[in-house]
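Next up: some structures, all given as structure tokens.
Next come two complexes built around chain A: one with chain B, the other with chain C.
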Partner chain A sequence: MEDLAKEVLTRIVRKIPVVKLRQVLGRWERLSERQLRSLDFTQPKWALCENLLSLCEENNITVKQLAEIEMLYRTEYPDQGIWHVFQFVDTPEETQCSDFMHFRDLFKANLKSLINHVSIQMKKLEDESVWIRIAWGENFRRPNHLKPTYVVHHLQTPYVFVSGLTNKHKPLLFQALALSAQCGSVKDVNLSGRCLSALRDLSMRQYKQVFPISHQECLQERDPLPNPNIENEHIKLTEYKQQVASEVFGDAVLPKLETAVYKLETKYREHGNENLVKKDEPFRGVVKFSSSNLLESLKYCVSSGMASAPVTPLLSSITQKGRNYFVIKDKGSGLIPNTPGPKF
Partner chain B sequence: MGRRVVQIHFLFLSAVVCYAMEERDSASATPRGKAPSNQSRKSYGRSRRSLGVELTNIGFTPGHLAGLRAPTSRELPKPRNLTEHVNPEQIALLVKNEWKLSYITPLYQFRHTQLKTYSKQLSAFIAAEKQQGLAVEIEADTSFRVTFSAVLGLAETEDDAETVFIQIHSRPPFAVEGDAPKVIWSGWLTCINGNPEYLRSLPSGFVCLPLFCTSGSESLTSVVKLWFEKTFDCNFGTLSLNSTCLQWLASMWTGCHPAFNIRYLKLVWNLPAQPPLDISYTIHPQDAWDLWNSIREQDSAADTISINEVESFMKGLEAHFFRHFRIYLSAGTLTKVSTTFGSAHCDGKIKFTSGDSIKHVLMLLTEYALLKMPI
Partner chain C sequence: MSLLKPFAKLPELNTANVLLVDSEDTFQHVLADAIVQQKNNVNVNVRLARSLPLPAENEDSRPRIDLVVLILHLRSELSLSSAETSLKQLDPDYFLGKVCFVVTGARCASVPHERMAAVRKLATSLHCPLLFTEEQTAEGINTAACRVLNILRVSAGLVPMATGLSLFSLIRSTLPPDLDYQD
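Presenting the complex of A and B:
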């Protein structure tokens, strides 16, 4: 087996945890039952890797077939690396492609015409999503399977989720996608994160905002010893805060976002610093919110009072507009998050 | 009896803690600061005895903290070329790592002339501890070599003791002749512009190097600390940096901007949401400096900055943030400040990326170390 294939296999075995590797190899279907059974998954990884290598050599497995293992793993466990969301724009409604075979052939043909050495694998999953794995090569170099790009596209929607794409290959990929989907161009939605399902929910508005009917019962239920003689002084205020939090963020399970970045280019307008206020230039800065579950944290901030209600449109835009990168400029008298992306 | 003594001991320490937090009070009106130290002057000695610690002269000296107050104004740093005074190789050592901070109580009979002896003693001590089975994460056959060196030129005043730098090198068993030994741990003790009243009031035989910075494995750090405690009868404690300290650093670094480009001012807050939320605000250096300057114009003194200015600066930034996001940053804690000069974390970690403002940061840290010490 050639060196590149060995390296790809070693990388795959090293990256994937043993339990998951076992499942994935079972679904791979390139090894016979007997060969699979001969693998001892309790061995240390380097030993397992060597055994797997010899089995693959027996079957004359190519690099492209090895890459299938990685793709199987990635489709099963998509929440690795950062996914960026893009959208097709200027799509004439009638020509929206909903046939996988058609899209696959178009995409492969288009991308191969743009770049010579490229390895493309496409797969359609049960949830109507198309997964594309692209290993990029150059004029005199074979495709690099160690740094592939993954693209996920739901055929009936204009959204595309991309992970592992370098700036060099960006225009090539977008052109191929635009041609295959028969749209004008591909625009950046300014939404990114690790959890693919969260990004999907946010962008496709599948995330439902449940509006609360009333909070009275909730608060009273939480009180362990309801005593009619004890009155909570702040009960109205607490209810109001919780209501606002629910209105903005909803009561259902929130999509798991990790960060939100705001690039501020507004003027400084606080009291007490008149010299600064007179200046016409903006007070530049970048604010980054990060948390293991950003929307939950923000909701907690609102309901606990750390963020004062009413919630500013800057924060509610994350769910309303489905994005987490904003450039904020002064607009007239208020602060409106800029939408350099497409309007919808 | 034992219980009562412990209670007094805690009262003394808690008075120290609230006193350190009351940096905003003016220096004149602090009766609270004086009273407990008078009361517990004798009881402190008693409590130390009852805790099994050897009684030293410290127990009988007058309450030092009466003289130490968190300053309400500081000298504005003028970053100057440190290489004029300090050997550039040694500066490179200081700039390399991220340091974990602790404070040390004054060292009894520490001599700068005995550094070679200390090196040998510490090597032997580490070897002995390893034999005893102390969990040091290095292969059994590695031998250690310790070097103590003095970093001359950092000390600011006559009362400051010279900085001492310690390195632990490891020599793996099959090292070839000429192989450079790997540095696996480094640490340094320093005192920059320590409070002169305090330093002069120490009894003879004591050297005060209150700031201890370490970089390396925790197990080695604890072995080194143990050796220091045994040899010089001192005590260690972690030096965490509270938000006031970080705010001073942010203001000092911003104030340096015209002379030395700080490139950015980054402040990180942590809000106690569920799950916890980190907010980092990176400000363009020129705009940060403009804000700082506009606050400073009301003050005439060009060389010093006062706590009021620092507070106004931070309030200005928080207000600008609030206008956009309507989140109260004061509900959280300031955890990290960084510029191109370096970064400081509230857990007591500091990193210098250039030798330029080291001295002023060390002055600030020395002060905090002296304030935090229980003696």
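Presenting the complex of A and C:
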């Protein structure tokens, strides 16, 4: 087996934890039952890797087939690396390509015509999502399987989730996607995160939102048997805050975002520091909120009173518009993001 | 928005009312539950507030408050500043035996020393007791509840031969001598 294949296999075995590796190899179907059974998963990883290497040589496995292992692992455990969300725009009404075979052939043809050496693998899962793994090469170089790009597209929706894409290959990928999906162009939604299902839910607004209600009785049912000896002075205010928090951020399990970045290009306005106020050019700064579950933290901030109760549009746009990167400029008042939010 | 006055209302028989003022709600609720569940032969009512002044619409239904407990979290600056503004809204008569401070997070190493010093100075200048509690274990919370309950009983006049003022002259917080020199 050639060096590239060996390196790809070693890399794959190193990255994947042993338990998951066992499952994935079981699903791979390129090794026979006897060969799978001969692998001892309790050995140290380097020994396991060598055994696997010899088995693959027996079967004459190619690099492309090795890449299938990685793809299986990624589809099973998608929450690694950072996913960026993009959207198809200017789709003419009559063409909604919802046929996987058609899309696959179009995409492969388009991408191969744009760049010579690429290795593409596509797979359709039961939840109507199409997974594409692309290894990019150049004119005189073979595809680099060590740094693949993953693209996930749900056929009925205009959203695409991409991970591991470099700036060099971005226009090529977008052109191929645009041609295959028969739309005008691909636009950046400015949403990114680690958890793929969270990004999907946020983009497609699938998490439960609460709408303002006029009667407050149902809120009191939430409190499990309040002690009659304990009384809250500010009970109306706390209930209002909780209601507002639920309205803006939704009630059930919130999608798991990690960061929200606000890039400021506004002028410095505080009265204290005179040197900074005098300057005419904008004061450039970046405010970044990060947390293991950002939306839960923001919801708690609002419901406990740390953030002001009619929630500022800066925070509520995260869920309303489904994005977490904002650029704030000074024109007029309020928030003007640099690209408009997704439209349905 | 009214100033809280200690003797504006009539006391009830065998009852004690305590007001917990805290800018964050987790510890407040837990302490309130612990206080109410302690075994005692007195009716204890706990009222919870985020800050003073209290909303005027509860004025009629509110009973006489026997003890105001201000909860300070050393880990947050907001807690201290919010307590200071609340103190201004309290009638001066309360400071004669009806206000006490409960402080959490004193063991935390990342808390700046100035905050602790500021809290001590505040308590000393007002001649109020300063109780330190451990908020993260059930035992710590029960201990805190016990101590608050003991002080409450005295402030409510339910312990014979003891008043709030006499108790506080025994347990009020004082500045350690090295802190005095820092000014």
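Simple rule for what comes next: the second predicted complex is superposed on the first by the 297 of 344 C-alpha atoms of A that agree within 3 Å, B and C clash if a C-alpha of one lies under 4 Å from a C-alpha of the other, contacts with A are read in each partner's own complex, and residues count from 1 in each chain.
Keep in mind that, in the parts below, a contact is a pair of C-beta atoms (placed from the backbone, for glycine too) under 8 Å apart; a residue touches a chain by one contact, two chains touch by 3 or more.
Since we're looking at a predicted model, the values are computed, not measured.
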{"item": "Touched partner set for A:Ser197, first chain B, second chain C, both or neither", "value": "neither"}
{"item": "Greater chain A contact set [chain C / chain B]", "value": "B"}
{"item": "Partner chain in contact with A:Glu233 - chain B first, chain C second, else both or neither", "value": "second"}
{"item": "Which superposed partner A:Asn116 touches (first chain B, second chain C, both, neither)", "value": "neither"}
{"item": "A:Ser304 touches, of chain B and chain C: first, second, both or neither?", "value": "both"}
{"item": "Which of chain B and chain C A:Thr166 touches, first, second, both or neither", "value": "neither"}
{"item": "Chain A residues contacted in one complex by chain B, in the other by chain C", "value": "304-306"}
{"item": "Parts of chain B lying in touch with chain A, wherever the complex brings them together", "value": "271, 273-284, 287, 290-291, 293-295, 297, 312, 316, 319-321, 323-328, 331-332"}
{"item": "Chain A to chain C touching residues, read off their complex", "value": "227, 229-234, 236-238, 304-306"}
{"item": "In the complex with chain B, residue positions of chain A that touch it", "value": "262, 264, 266, 268-270, 272-276, 279, 281-294, 296-298, 300-301, 304-308, 310-312, 314-315, 328, 335"}
{"item": "Residue ranges of chain C touching chain A (in the complex, touch as defined)", "value": "19, 23-25, 32-33, 36, 43-50, 54-55, 58, 62, 78"}
